[in-house]
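Next come two complexes, and both contain subunit A; in the first it sits with subunit B, in the second with subunit C.
This part shows the complex of A and B:
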């Protein structure tokens, strides 16, 4: 096997070029006044932290947390029973259900967002065909339903993958010993699936929290999320501030990266073999 | 073995990455759908050159492209305030009128020339197209048309509870519109006026903040009125006529309003300056220009092309002929200028706070 190790060089090269180096640049930008478009002399500074005193950033952080927590809770309430139901099916029926969950994920995410946009527009082709008028563009329920539609599979798959490996005779044993259905769930099934639940929660919450196209198109940009602020710092405000808005954007991005790393550590605590990480 | 494969890989990647820039004879950066691209083919075959044509979505992206150094563009089409900024930063060079013989034969519409002459653009640009911002609204919404006609901007800013309104999610347009509504200059640097503009944006309770999706929302009834560019209305009007749809929307140009202009500029670092001039001259040939302006739908800045197109439109689409003129006699128009980095930052923050 050692002889084949050189085959992994492209991977390391790729990761270094497109993950490691950009991350280092991001860190330097966040803590300095380096102008990325005119790299000249620069100083390390904490000036960029002043963004955290801006109300609109705090509002965006609250919006992100609020929307992603609600989305995650609803995804869990829908996703857990679905995952459990999938484990009770015969292999062939299960394959059909799984493919119904997976195939939509193969479609580009932007296209799926535009599809939700059409569904929520009265008088669109969707309402012409079905006769149902749903007017949810620019509303919180619209954004949440859109997010659930986007991220529900990321809740179902990790939970399913742990439940699938569970020994079902444990349930029978618990019942034999007199446990009620609820006790079986609370004391046997749920504790055994906790690794999948933690992965599912994080894999739903992180992308929901950082999405920016969805709140822009479905929320009609009325509810800024943290992703929208970063987008604006990198793409829209660049010319005004002599590109220094990019440094502020980098700082916010790093904050999110720290959050992701912490989440990853939590997942590995609960799921030591990493079986729930797709 | 290991070293060899690494060297090979680096070589392949270098080739791959540098391959992106290719080797065309002329590099053009434009907006999407903003030039009849068959004309580029014609230019290529006539002069036996290869043109690389790329499009972006915003002035900010255009400037970002200019600052990256992997591709050096020879010709681009920024808007007024960005031209101002590019001149300030010495990123574009003066245009050599000697190399564009057709320019001397054409008259730039005087009202337009006057607008940008004040800003000191004249030596740096050849204007490409111009228009205004205004309000796209539904004609089947009871009372809306008369509200606009009697109240103008106030109808967009004060009737948020009665009508569903949409605002452009860009500092320049949103803050500019708010300043116009309050009766101030779009280029105001007065802190009190800017604070009032922020309050006006906050209190307007817009139903939507958007970009190119706003016009679609008005057409499908999700919005009753929205701030859009004049060209958005004209292109939607053509589409509706072509599809034989009922026209239940119209465009209202409030007074005063902001007039914008996009122009052809040559970056300081351009490597094919002569060919860039030749291309500009090519676009000014009457036959080419008429095909092009008919395609893009915006008003040409040159009197002769404008008059020809206006006559055609007045005949074929009488409903929009009045809107085609960005600057009718007696109207109040103001052009947006860049000002300074601090002003630009100020208005960006005003928008963030007003939305939050």
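This part shows the complex of A and C:
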């Protein structure tokens, strides 16, 4: 099939245009006063870095890290046993459960967030129907539960996909050799599933960290995340304080990109072909 | 032996416990959307009886017509384009030597791992540099862009399973280069193409973040329409028609996917 290599050439250009060039422009924007909507002349400057002395940004960074780490840890603690449990089921039953895990993702993300809003409001239709009053709107636990509800499947799928391929006779072998259940897990099962765990952690943590509608709605905009700051710099403040907000926004996006590049490198160390990504 | 069985039962219990939590977290909001779509109250504070009037309003009234049409047309068109391009690129990638292949797959995976907001902003930047006016066209390109990597990722494993000599054999037997793709490669990777296309479609129809950054002031899909309405008019402005729309799309998606899964399953068995 060597003759078909030429088919991959346009993809390089396509990716160059939509991934590499925008990244370069973002870097230039972050280190200069270039006005993207009126690009005449510009100077390189480090002025944009002043944002890091702003309290609201530091607050948003810590919020993002804190909320996404807690969400990811809980997703892992729930998701791993679920992924493992699924592999113990027979193939046909497993298929059904798996599809049931995917199905909720087909509902509109915004409407799912609005639904959580109602669940967390006392006296809403949810409490009218179930008699349960939950008052978590505008609270940290509310935001975290909402995030878990949104991103949990992204933890389960990659872990499941590696566990599914695992040779289960290894467990028997380890047991026959005298390993306890915990040792089997720690020395056999977990190391074999690490690729899926890494993908799962990143596929949960990055979206949680960068979400902006969820903290805005369920958190009542009390807790800003990086996503909220970027959103505001690129969409809201542009009208008021001029184009420099885009430069500051670019700087924060670059920061986020560095984070996602690091994650990306970690994922590809375990999974070169991206098989755990779908 | 007894002890071991007991331990297994405890492990199974833990599995069932966490699986129940998972389903609770995933399905309570979905069920609530379902309930809201048949609730006879426009402000949805409480249950006021069953109605299907929101479903009929959806088809007779104009309130959501434009965003719905926009969403569906972008989803169909972008899926079509992304599937064709993704298939071509996947075949190209698969034919590369190992080192280059891994490099391009890496590139392919960047948009998959990147947070939506970064992808959205990158595209917005490139569109403003190219001085494209944000609207239908830029949203279409954006959706094609984020869909292609998923199509590629779905097709590559199928190509891996395909014997490379088959294509050469096809050429030896008189196929042209393109004819060989059409007659030898495509039939063998069709299940990957279909699942890739389905993935692209379901992501396009629900996308909010990337559309939001690339749609400008005029164009709106259902998600950005909902978001703008809520930001402008507050929570009580959300019409139950939106829940009805979502429920219909949701059920349609389930039917389509079950139907296609059945078909591909049969096909996989034949191969």
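In this text, the second predicted complex is superposed on the first by the 253 of 278 C-alpha atoms of A that agree within 3 Å, B and C clash if a C-alpha of one lies under 4 Å from a C-alpha of the other, contacts with A are read in each partner's own complex, and residues count from 1 in each chain.
Note that a contact is a pair of C-beta atoms (placed from the backbone, for glycine too) under 8 Å apart; a residue touches a chain by one contact, two chains touch by 3 or more.
Here the structure is a predicted model, which means the values were calculated and not measured.
When both complexes are overlaid on chain A, the residue A:37 reaches subunit B and subunit C alike. When the two structures are aligned on the shared chain, A:124 is found in touch with subunit B and with subunit C. With both structures placed on the common chain, the touch criterion links A:98 to neither subunit B nor subunit C. Within the superposed three-chain model, A:28 lies out of touch with both subunit B and subunit C [touch as defined at top].
With both structures placed on the common chain, the touch criterion links A:81 to subunit C but leaves subunit B unconnected. Contact with subunit B, but none with subunit C, is seen for A:232 once the two complexes are overlaid on the shared chain. Which of subunit B and subunit C touches more residues of subunit A is settled by the count: it is C. Judged by the touch definition given at the top, the superposed model places A:222 against subunit B, while subunit C stays out of reach. In the superposition on chain A, contact of A:213 is made with subunit C only, not with subunit B. Contacts of A:69 after superposition on the shared chain: neither subunit B nor subunit C is touched. Counting contacts by the rule stated earlier, residues 6, 9-10, 17, 37, 123-124, 217, 235 of subunit A appear in both its interface with subunit B and its interface with subunit C. On the subunit A side of its complex with subunit B, the touching residues are 6, 9-10, 13, 17, 37-38, 54-56, 59-60, 121-124, 135, 137-138, 216-217, 220-222, 224, 229, 232, 235-243, 245. Looking at the complex, you find that subunit A touches subunit C at residues 1-12, 14-15, 17-19, 21-23, 25-26, 29, 36-37, 39, 78-79, 81-82, 84-86, 88, 97, 99-101, 103-112, 114-119, 123-126, 128-129, 145, 148-149, 152-153, 156, 181, 202-203, 206-207, 209-210, 212-213, 217, 227, 230-231, 234-235, 249-250, 253, 256-257, 260, 263-264, 267-268, 272-275, 277-278. The residues of subunit C lying in touch with subunit A in their complex are 7, 11-12, 14-19, 21-23, 25-30, 32-33, 35-36, 39, 44-47, 85, 88-89, 91-96, 102, 104-118, 121-126, 128-129, 145, 148, 150, 153-154, 156-157, 164, 167-168, 171, 177, 181, 185, 199, 202, 206, 208-209, 213, 222-223, 226-227, 230, 235, 238, 242-243, 246, 249-250, 253-254, 257-258, 261.
Chain contact summary for the complex, subunit B toward subunit A: residues 1-2, 5-6, 9-10, 13, 58-61, 63-64, 67-68, 82, 85, 166, 169-171, 206-210, 213, 217, 220-222, 341, 343-345, 347-349, 352-353, 355-356.
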